[in-house]
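There are structures below to look over.
Here chain A shows up in two complexes: once beside chain B, once beside chain C.
Entry: the complex of A and B
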């Protein structure tokens, strides 16, 4: 399996070599990055559909160096180098490589000297290699290595020059790093319980408290990577401050793919989840959906708005996978792929807007649809897809999730009895998503255009092509959802799916096309000759620039609604942010210790003697 | 494919639903006139309105808005209504061609018309339309949960079957769902939901003639507005039909069954018309609270009663 070497180590090694190249050679670095990403994509496509197998890769090639000290050490390490090339891993590397290729095209614009992200391309490639490694590793220690490096590159892909973004970078590193530390604990427990590092040999029941602890620690890791409540709080800060390609690359696509990949691994393969844990998972899922989307609803900064959706959508994936039926798991994975498609597209669109206008605030924009038609078209497709409008891909996966929930309602048990709650909150989340994307789309593209933007031009090919490609994929995945996408991409892993509802995506999509044609005919039949344009009618009043009704004011009613107002106020003071809670806890402890550490010798002596006496009493 | 196209565009889809919807619109206006001691329009008035808009009236496009979006939105709205209508009416008329959508599909297709009203309104760049659009969206997020609970309760009553045909069949075997206490509560919830979906008083905040002069639709005129009108005619037929199919055991189209079917639809429309003629418009905040607390509470009670099989 030489290809396996290449898809993992080629990007990592190239990335490390690129670190040495001086920053002046940026265009060359960008070119190499694109070529490597495309090569990895090519090889991942080649690997797709292979028969699942466990592969051990010796670290040292057969030839030479047999007896040297180095070779022996490496040979000792080789026992950890086992990879599991199963259907799930193949799926993940296929999409991870695909997103890396698309985003590396988009980030070619970062070769210009003004846009300084130090070592963007090297870390981009190292991330890619580690993602490949994490998705394929069978050995838990090897997995932890790749997983941990990805947390570090995440930190390096945000600029961190001004105070805000460096605070965001620090927060990200601390939350992600802490979760990785917790995962190590879980892996250690697993080793203690079973004596193996190999994921493919594990199948633990979550019966004893040790097993449950191991499950929860690993769950924390996957939730932090994917960004589920309550470990989500790094994503909004990261998305707001990081350059858009970084947000599109990590929190929007690769981190989601890996986080949900690992969630599926632990829930389906490593552990057999007990009913109580299923209930907890479902509660976390719907909480994630609702809380994040409610926060998104009141944002003014569109990058932050998108980031909150990157959290909210995770809830649907967790919901699907927690159901643990073939339908639910396939739905969760399908939603993961869909989310990566439209969310990375949305971040890239946000990047284009920021690039052209220099604005990130919805209040300052409006009416750009005719100036940036390709960006508008793709952003509209992404927005409708994420809101679950049929026949786009977001609808298809949500529909499968809803079906999974309804089907789950027949199985019995407390979590199953509450199926209406899960369903209702998931659908409510979807409506709220639509509401906040109305704000996004109309705030940027619709409405009256400011005269400042009259001379705006569409972004260049390198920036619009990736978005268009993603938008067309969104449409394609929606149109062929039940006929091609699910059977070919997800059924190999989950097994045959039995639907309880019917959704004929291809036929309905065809009807959309026919309807558009018919609508055009209507317009032609009608009196097009009479069409004329006029400025907006306000009942005779003159239109003033300031008189407009801004989209950011749309949901003030919701913001001010009584039970919600208090919650929003608290949320804006970071009350529900685990990072701030822990920060305050540590500052509190610090305060206690500060009081104790007076610097007066006698106090210390008293403490020492008191401790001595206690130890003595205990020993006696 | 030809068969599907026929069912989608002619019967019981676009053309049929449009005609019946137009007649129901006349019924609604006639009843309104009777309530207000007026004579009311002739039977074909809705069709005159439609054709006049389509063929005669001039169409004005917003000068500083997004024109393509403004024009495409009503077409997609019409698609949403027609597709939902096809999926609702095919099982109701007992036409089985293997082209079906389950209740979740219907639920989502039914949101498309309101969504396109919002997008079209925002594309016009008119501040009054913006106000209308924001109210429409807030109305959607408040009734969507209630509407979903209504759907979920029906699915629960139908033993977790999520296809319209199965739900109707189930009622044919064991009596209409409305014959239980929970069914009655669900009917009340359902009527208010479709009232809001239609944007009828007391939930017409988005249009609000007197304060926003048609709000969302202020910039629409001529041919483009004709499509909006047609969409609304179709919605006026398919939403009551949905209610009838879900709770009052659908249609039985043989012999006197046809008269019963017509009466069922007319009864629901009459109820909606009477509600709209005897109530004032709510503020958007009141409407949100009405659904969030009142209607959701009622729906939850109905679901609990269903669990207790009452």
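Entry: the complex of A and C
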């Protein structure tokens, strides 16, 4: 398997080489990045659909210098190098490479000299290689290694040039690094229980407390990477402060792909999840959906709004996979892919708007639809897709999740008896998503345009083409969901899916298109020509710009609702952020010990003798 | 190879003597001689390691052969563990000395600085090599007295205060150790460690012996800055000039503290369950409390100093768990894994903590402050310092692909295998807090906008060179988890600790 070498090590090695190249060769770096990403994509496509197998990749040829210590070291490394090229892994690398290729086209624009994304391209490539490695690794230690390096590259892809972004970078690596540390525990417990590092040989029941601990620690890792409650709090900060290509690349696509990949791995392959854990997973899933979307509703910064949705959507994926039925898992994975498609698209759109207007606040924007038509069109498609409007892909996967929940309700157990709760909350989350994307679309593209934006131009080809491509994929995945996408992409891993009820995405799409045409016909037949247009006025006065109602103001009602207000106030003070909770805890402990260290030497001498005497009392 | 062993003591000692004498007359003599000697010792250690140190090699000072099986000469014993620690001493010593060439220019007495540093290294090498209890004490005093002077090198108010505290508390430790040595001599009528071990093997285990062991644990625990014997460390390590801080934190607490503990309690005393519990317990305390003390610090060097306590805790619990497993007759492969993890972390800590102190020195050199709140935005102006310190920070926090990840991984895996679940969980929690406090360092020092208007430039070449070499080591030492390099550098040292009685027998039979 020569291609496996290239798919993992080519990006990593190229990335390291690019680190050495001086900054002024940035155009060359960007070009190399694009070429490498395309090569990896090409090889990933080539690998797709191959028969699943476990591959060991020796780093030294068999007839190498066996005596030298160098050869021994390489041989020692080789024993960890085992990869599992199964259907799930193939799926993940295919999409990871695809997103890398699209985003590297978009980020070619950052070549221009005034744009300083320090070391973007090298770390972009290293991330790609590590994502490939993590998705394919069969050895748990190798997996941990690649997984951990991705946390570090995530940190390097944000510029810490001001207080907010440097705080976001710090928080991100602390949370992600902490979860990696916790995962070590799980991996070590698995080794203790089974004596193997190989994921493909594992199938643990979650019966004993050790097994449950191992499952939970690994779950923490996947939740943090994907961004599920309560380990999500790095994503809003990161998305708000990182350059848009970074946000689109890691939290929106690659981290989601890998986090959900690993969730599927542990829930389906590594462990057999017991009913209590299923219940917990489902509770976390719906909590994630509702809490994050509620937070998204009140945001004014559109990058932060998108980031909260990046959390909320994870809830659906967890919901699907936690069901552990073929339909549920396929739905969860499908939603993962769909989410990566529209969320990276949305971040790229956000990047274009920020690029052109310099604004990230919804209150400062408006009416850009005529100035940036391609961006508007693709952002609209993404927004409709994420809100689950048929016939787009978001609808298809959400519909499958709903079906999965209903199907799951027919099995026994406490979790399935509550199926109506999961279903209701999932649908509610979807409705709230739509509500907040109405705010996003109308806040940026509709309404009155400020005079400052009158001379705005559409972004150039390199920036709009990737978005258009993503938007078309969104439509395609929606329309052909049941006829091509699900059977070809997800069924190889999950097995054949039985839908409940009739569900034909193409037929539905035809109906939707038909109804749209019908609506258009009625519109044209109606009294359009005779419509009177006049300037808007208020109390007899021509409307002033400042008198216009901003779309965001409607959402302040939600913010001010009686029971929610208190919660929102506390959430904005980070009361529910796991990061701040632990920070306060440890700082509190710090002050306890700090007070003891008075700097008085006699105290210190007393400690020494106290320690001496305690040991003596213990031993003698 | 035997005749090469005394060079480790003779060469630095001669350097320390020659520098004040010739250095006055010849300009640049001190730096050249010091660097050359340390470089030679580094190369020599690599040569010894690569030619294999399976069995201890004993050099008898004066060439006096044992009489009727009783050793008379002072032995210098080179085995896997000594070689490992010697490697750390010479390597970090060389890099710190090379770094100091530019750094020390702002102090006046370069000759004194290098002479004291050479003296300290001679003392540490002696501690690591000697096979004689009293000789151990003498070398220990040479090393720490040189370090007292070096801590006070800036002769400002804070430095003198720190040095004074260090001397008093260090003096307490020396007294405890001396008393321990005296009691051992009283009991066994010999000072040779191998011989003591054999004599003790025939006597029964009694309260007298336990008391001696407690004296030595407290004494060397103080040198190793284990909690509750740690209070001297933050002052001393943060007040010293940066290369000295790197030597103190990176090397001294290991050579005269942890190394001595390991040597005495594995190879000299018969390993004992109670003692191994005590060692693991103080290791755990240090690991947890050290990091809690560190996280809220705003003085960069104090933060680093408190982390030394915490990181030495990792080393000690790794080795302590191995010791418990050995005594209890648990799985030997797990014991060996735990010990390997501890020793691996020992090397790693020397490298990354040395580097971090050199970074702190570089920052202080250009900005004149150690307060994190006064820094900021140094990323642009100090690219080498910031990149290397990021490497070291990630290393100490256990983020792959840096070496700290692998040693912590081994320690945690060994803890789980040996069913020390609480220790494994604590090790992870401490690692997370470590990460948090180093992210704080990165954020306040290098990110954000600069908080001062002073014009600053990247540090001179010799300082950059040392930092770059160390960051490459931070990455390169990761290879130690694979066989190959590990069998050359780490495994011999692990074997010394695993085969606890082998040291005494082979040293005495003169293999």
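We adopt the following convention: the second predicted complex is superposed on the first by the 563 of 620 C-alpha atoms of A that agree within 3 Å, B and C clash if a C-alpha of one lies under 4 Å from a C-alpha of the other, contacts with A are read in each partner's own complex, and residues count from 1 in each chain.
Just so we're on the same page, contacts are C-beta pairs under 8 Å (C-beta built on N, C-alpha and C of every residue); 3 or more make two chains touch, one makes a residue touch a chain.
Source: prediction; values computed, not measured.
Participant: In the overlaid three-chain picture, which partner chain does A:449 touch, first (chain B) or second (chain C), both, or neither?
Facilitator: first
Participant: For A:501, using the defined touch cut-off, is the partner it touches chain B, chain C, both, or neither? Pick first, second, both or neither.
Facilitator: Touch status of A:501: first partner only.
Participant: Applying the document's definition of touch, where does A:551 land relative to chain B and chain C: first, second, both, or neither?
Facilitator: A:551 contacts chain B only, not chain C.
Participant: According to the stated criteria, A:21 is in contact with first (chain B), second (chain C), both, or neither; which is it?
Facilitator: So A:21 meets neither chain B nor chain C here.
Participant: For A:407, decide between first (touching chain B), second (touching chain C), both and neither.
Facilitator: In the superposition, A:407 contacts chain B only.
Participant: Contact-wise, after the overlay, does A:169 reach chain B, chain C, both or neither (first, second, both, neither)?
Facilitator: So A:169 only meets chain C here.
Participant: Contact-wise, after the overlay, does A:591 reach chain B, chain C, both or neither (first, second, both, neither)?
Facilitator: Touch partner of A:591: chain C, not chain B.
Participant: What does chain B use to touch chain A in their complex?
Facilitator: Listed in rising order, the residues of chain B that touch chain A are 1, 4-5, 8-9, 54-69, 71-72, 74-76, 78-79, 82-83, 99-105, 107-109, 111-112, 115, 118-119, 122-131, 133-134, 137-138, 140-141, 144-145, 148-149, 152-153, 155-156, 160-163, 213, 218-219, 222-224, 226-227, 284-285, 288-289, 303.
Participant: Give the list of chain A residues in touch with chain C in this complex.
Facilitator: Within the complex, chain A touches chain C at residues 69-77, 141, 144-145, 148-149, 151-152, 160-163, 165-167, 169-170, 173-174, 177-178, 180-182, 184-185, 187-189, 191-192, 583, 586-587, 589-591, 593-594, 597, 599, 601, 603-605, 607-608, 610-612, 615-616, 618-620.
Participant: Within their complex, state which residues of chain C touch chain A.
Facilitator: Spelled out, the residues of chain C in touch with chain A are 164-165, 168-169, 172-173, 176, 207, 210-211, 213-215, 217-218, 221-222, 228-229, 231-232, 234-235, 274-275, 278, 282, 289, 292-293, 295-296, 379, 394, 397-401, 405, 408-409, 412-413, 415-417, 424-425, 428, 431-433, 435-436, 439-440, 442-443, 446-449, 479, 482-488.
Participant: Going by the contact rule at the top, pick out the chain A residues touching chain B in the complex.
Facilitator: 367, 369-370, 376, 380, 388-390, 395, 399, 402-403, 406-407, 409-410, 420, 423-424, 427-428, 431-432, 434-435, 438, 441-442, 445-449, 500-504, 507-508, 510-512, 514-516, 518-520, 522-523, 525-528, 530-539, 543, 547-549, 551, 553-555, 557-558, 561
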